[in-house]
């Protein structure tokens, strides 16, 4: 989606966030992260556990307060939003969670869960209308009326996740953050959810921030990809650029570690190990644009080195 | 570690100060004078108040109390003329402490045994039996138990002495049992559920998968892991023991601190009430601190601070 | 052909629950040869863990292993074992690595001790010997600075390191068979790669047989010699790794393979298996996969398919292999794979 | 022919059926009930408590509070301390007892020429113990329930606020709890009871004021875990306000914890009332609670054991039932067992 | 045996006793409770000691004289008196003790008893120096000068709190004086040993320095504190103690009253109801008060509520307190004829209620919660009144801690209150002076009864030295009290105990030292 006139949906500038600041367990979860998400695209975010993906996603939804930097949504700085604007914003940006079990309140029926979103969106209270709307939402995610009166624990993982998606859709959002929406799911149903997400994007023109550590899935779904490591964005580019022309050694090692369902390839394949110690050498690194739209976190010397290694 | 303890002690001191303050002012609202003679005339009371400094503004009395407290002086009892409260408590505390510790040890040991037994025979007859017995133990207030024990073993069967303290060990048996049943019952239930939980944990599965035998699995892995949480129970249990002992001491004529506390309330013997409260609060908090430190020693996951 | 180390025949396991009897395993057969890796893949709840726990007698108390089941370890039939008999099997002959390294170590015992434990028990080592052996084993599984860390407690270690420790424990008593139940699911991809390497290296070194459970086909492609695909308590297809990946016959295997994108899968071409697996409280009377199967035949809804032999090493339980069945076009992804099979593995004919 | 028909490709017959859930829907409460039923003791306790509750309520119509205080002021010796008499030849329940000062067992009713049968006997003033125990049970239950209700409202709100806001609010609120729990309950309760004077109101208050702490702790801990749960986050992203989320999402998910806690608080309140009575801070005389009945008849144990054993047994049984029911409910609410 | 050791009740040299509460202090001037006084009374001697006839007889004093106007008492000490530590006991020690009592710095709660001794009140108020107290010594003679005649003064000379104290010991021990057995010295028949201030086991050992040591036959008196009355009874029956009270509960009394060891003794204590005649409109009405009194069946009350542990009251003054000149019990002599008459009560109540005209009478009945008997008492009275007057009356019980009751009584914050009064000495005035005027310290109901006031005044002044005139004054007072129904006497106390029959020589008094073991011994 290198369309130059594509509109910026979300712009993240120099975002830094530290947990437990000033305490013994201080933890810099995000460190000077900047990138944009364009309207209608899927932005994939990958990185190992603890690299700050969830933190980033939640910051964008204003669930965490950043320490410094700015996040704008549709040109509005979300950190400065007042009550009413926040309400509007909440309806436009939604989230899908990793653990489908934990993300649904086990004490509510599916129709009540979906109803909550409708309430917040100011949907009329009329019973019949509401029933229809709930049914519509359910059908949107491939479920049917039978399911409306059931409780979350009766559903399988994939179904639960689809209910979570329906809940997010209830407020008609423009932007959805999907935080590892499939990693807790069985392989056979992962595709159900991914296909559903793709379909919904097509139908409703949604923008996604798609967080995952299944790199094949990210590649499959995303237009652009950012690679996060220790709270820093180390590489950013189109899916093709990051996968096929990765520059940063961390990205490379990450990619090499992904096993492919192909015995012949897999048995020949070597895993590259990454030695992160150089990241701590104290040198200033910046995002350098090595080709249009493809950035890598590096010193100028490293850029040269990385490029050489490519050839 | 030292810093942690220091910090805890600091918190403890602050808490104690709040306890002292609130009890002190609460005491001021209680009716009546601290003098025991109902025949005192108003002018005589005025005289006495002046002598004891009770005619000073409350805030001054409070300040004096705090200053004295800092010197370890808890004041002089009104009821026990001339006796310093520190001495009164100092002489009675060891007795209550012995009773309490005996009850705690007996209770916890039996609790550990029964609890483990119950968990290993989960859902079998023995488990059911121990379950009902331990629940019964919790639902019977210690003073009722004390009365019944006294009646049956003291009066009817003549097996054990019915009163006093310090002449023979046999005197301690009935009060100890009366007080130990509660902790034993609580521990039994607690250990049982902890142990059941532990027995279902992954590491027990792994231990079983090692083929070291069920006995070893339980001894080496299950016990330790289910015993550690018991430590957290000791604090609250101490609190219960304190409450229980006040009445039990009375029933068995044991010259302990609890008995004195109960008698100091209606006589409005401020210094004793205050002193006992402070000592109780201190014991409780120290007990909790000790168990916390102990937990850190036995549980490698817990680091102090 | 060497005799298999382990043979499982007609294994059926059911669980007594308040709602009724859950028939979790419904007649599973497989064997395991010396030195090979058998991967079991399948949907969540398909019975992979129950199968392997049964091999160690570690099933929950409400489990019943059916009378006809046979688990042959050499000459011994483990299926009829009493609790006390299992001790010589567990750890010594068959060992197990569990899924979650964060919870599978005893938090109150040093790691060194936990590794030494099975050595003392099964290899008759003294405490001291076991300790030394544990140290060597820790180095073996790639724990850096083992001397320094042997007296650490589990909570001081990261997930990857703990999983290495769990592997060391499994290897401690030199078992013939190692069962790894999703040993990498809880780990990051990079760590996963390391753990897989440790298992592979140790297997080679010790000439061990491994049963590797996972639902990640990528991992299967990496580790397995042979693969068994499970669905709803049954094995639906088994064969060598190449047969399963390049010439799958069962529609479920097709679904599985084509629902996983590779780095070259184009957007929109991912195939999803619709619906959810059946509830094993009420197993369907026909093929359990039938109602999610786009290639279902009428008979699939009525009658369970037998195994059809595809090759000496490859069989699949689907009526599609019956001679009366119509020819069907598998999904595109599978056609590609089959083309690759034709090209590389089927030389003549 | 037929064979070939069997082998026709039909594919997925019914798209919707693939998503069908076979199990009948169980609401949360149904499934709790289902699991509770497995615990025989808990069910028996439940029925027992229901019976006790009904009895306590229904008896208001038959035995009024003042009824239980009636006795004949001019024929004390006649009605005083009569043993339980069922009217049937049941040992220990036949009106036979010893008259103090002599060792022989006689039918005291006959001896005193009393026509009436007192099922539970009479007390030292000749009041019907049956009536007194009835009223006592009622009062004790009332005290316990009222104290528990206050404790419920206060403890739950306190815990919710502390846990939900976190940060310094939580720290402060937890410190307060720490201070309160540093003073032994008996001290707090006696001081309070002395302050307010004796009487039902002050006892209820005193018990509630000391009991709420553990409720607040539990609720706070639950709030802390629940508020990190994704479904709460989801509600936040939908724009729900704090109180709304607390009521709609937190409280229902804590229902189990809260109910179990209540089941533990009630008996402890009943017992505490008894302890208070034992140090003369019980309900207003001559109204009896189980506690005052026990406390006042402590000295009877040697002479008329039934006078203390009857109320004590009832107290223990009621407490026991609450605790057993609480145990059952704890398991029934255990989320780990939710899907079983 | 076995568990219990040998039976101690046969050892001739020792006696064994139990007390039901802790000893609180050995400070002679400060002891207020019964048990401290019990110890002090047996280990400290005063000038006089009440003998078995209830008469104060010389103890440390060789003799004493009273002047005709009753204002001067001259006492001669025995010669060669010694303290238990061997030091000399002199007249100075007696004077010092009196001075210490009234010294405001001492803060003695019994100092008020000295009121009436010359200058005592001014000294207590801090207006005069202690040296100006009307007690002086010269050689072996001590002179007491009084403000006014005090018929009871001779009892004070036997009172434990006024026993001599040695100044040097008091000063030496300072704050700790009397806090343990060895921080006190003794002038009585026994020395106190083994008490550390809080423990519950101690003993009295024969004091060889006591002037009459040759007549003290018992070497050791063992004491233990047993708070549970049932336990004490058990110990008695096991032979471990020689005396046990059975008046603690009606049941205990009934179960043991036929025991051959039972011994009953008078106690100078009475229980009566005070009616609030200052604040309560109903109780201001004489007819209502009379009705309430008439509706009180004292005999039934004593048998039902107290189970016979107390005797029904016939007068304000308690039974057995003292005797008249003719040897009759004072209570019997003065009894004005309280009766129970339901009919008359109902009628008077109706009339009274009509006079007050405020509808239903709602009153509270207050008592302190110290025993089963006091609870039974209020239960009984409530029931009695309610069943007599039906729905016209509603009685609410108010059971409060002792201190609270005291405060409420003093501040007039009650309707009807149960008051227990323990006399201080064996003379009627210890009761009648309670209500000497409307503002007298113990006239909590604030009643005005001029004929009562006049009779009491006469007894205390004009007739102070005339015993037979005084007893008639008391009789008049009782009559006035009953006629106006200012109070409602309920019962008179007595002490019933089981006493080992082989123990002889114990002197029991209704007041002061209730159990004098000086000459007690086992036969």
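Per-chain residue numbering starts at 1, and chain names A, B, C, D and E are given in the order in which the chains are listed.
Following the convention adopted for this analysis, a residue touches a chain if its C-beta (ideal position, glycine included) is under 8 Å from a C-beta of that chain, and two chains touch if they have at least 3 such contacts.
Computed from a predicted model, the values in this text were never measured in an experiment.
Participant: Determine the set of chains touching subunit B that also touch subunit C.
Facilitator: D
Participant: What is the set of chains touching both subunit B and subunit E?
Facilitator: Of all the chains present, those in contact with both subunit B and subunit E are D.
Participant: Which chain's centre, taken as the mean of its Cα atoms, is farthest from the centre of subunit E?
Facilitator: Result for max centroid distance from subunit E is chain C.
Participant: Averaged over CA atoms, how far is the centre of subunit D from the centre of subunit E? Could you give it in whole Å?
Facilitator: From the centre of subunit D to the centre of subunit E is 47 Å.
Participant: Based only on mean CA positions, could you tell me how far subunit A sits from subunit C in angstrom?
Facilitator: Chain centroid spacing, subunit A to subunit C, equals 32 Å.
Participant: Report the inter-chain centroid distance for subunit C and subunit D in whole angstrom, where each centroid is the mean of the CA atoms.
Facilitator: Roughly 51 Å separates the two chain centres.
Participant: I'd like the Å distance between the centres of subunit A and subunit E, where a centre is the mean of that chain's Cα atoms.
Facilitator: Here the centre of subunit E sits 89 Å away from the centre of subunit A.
Participant: Which residues does subunit C have that touch at least 2 chains other than itself?
Facilitator: Residues 274, 276 of subunit C touch two or more partner chains.
Participant: Quick one: which residues in subunit E touch 2 or more of the other chains?
Facilitator: Residue numbers touching two or more other chains: 230, 401, 404.
Participant: Quick check on subunit A: which residues sit in contact with 2+ other chains?
Facilitator: Answer for subunit A, listing residues that touch two or more other chains: 142, 159.
Participant: Hey, which chains are touching each other here?
Facilitator: Once each pair is checked, the touching ones are A-C, A-D, B-C, B-D, B-E, C-D, D-E.
Participant: What does subunit B use to touch subunit C in their complex?
Facilitator: So the residues of subunit B in touch with subunit C come to 201-203, 205-214, 216, 220-221, 224-225, 228, 298-301.
Participant: Any idea which subunit E residues touch subunit D in the complex?
Facilitator: Those in contact with subunit D are residues 229-230, 248-252, 254-258, 297, 300, 303-305, 307, 369-370, 372, 375-376, 378-380, 382-384, 387, 396-401, 404.
Participant: Would you mind writing out the residues of subunit D in touch with subunit A in their complex?
Facilitator: 16, 19-21, 23, 25-28, 229-231, 233-240, 248-249, 252-253, 255, 335, 338-339
Participant: Help me check something: in the complex, which residues belonging to subunit D touch subunit E?
Facilitator: 69-71, 73-74, 76-77, 80-81, 100-102, 124-126, 194, 197-198, 280, 284-286, 296, 299-304
Participant: Would you mind writing out the residues of subunit E in touch with subunit B in their complex?
Facilitator: Those in contact with subunit B are residues 3, 21-22, 24-25, 27, 30-33, 36, 104-105, 107, 109-112, 124-126, 175-179, 196-201, 224-228, 230-231, 234-235, 401-404, 406-408, 410, 424, 441.
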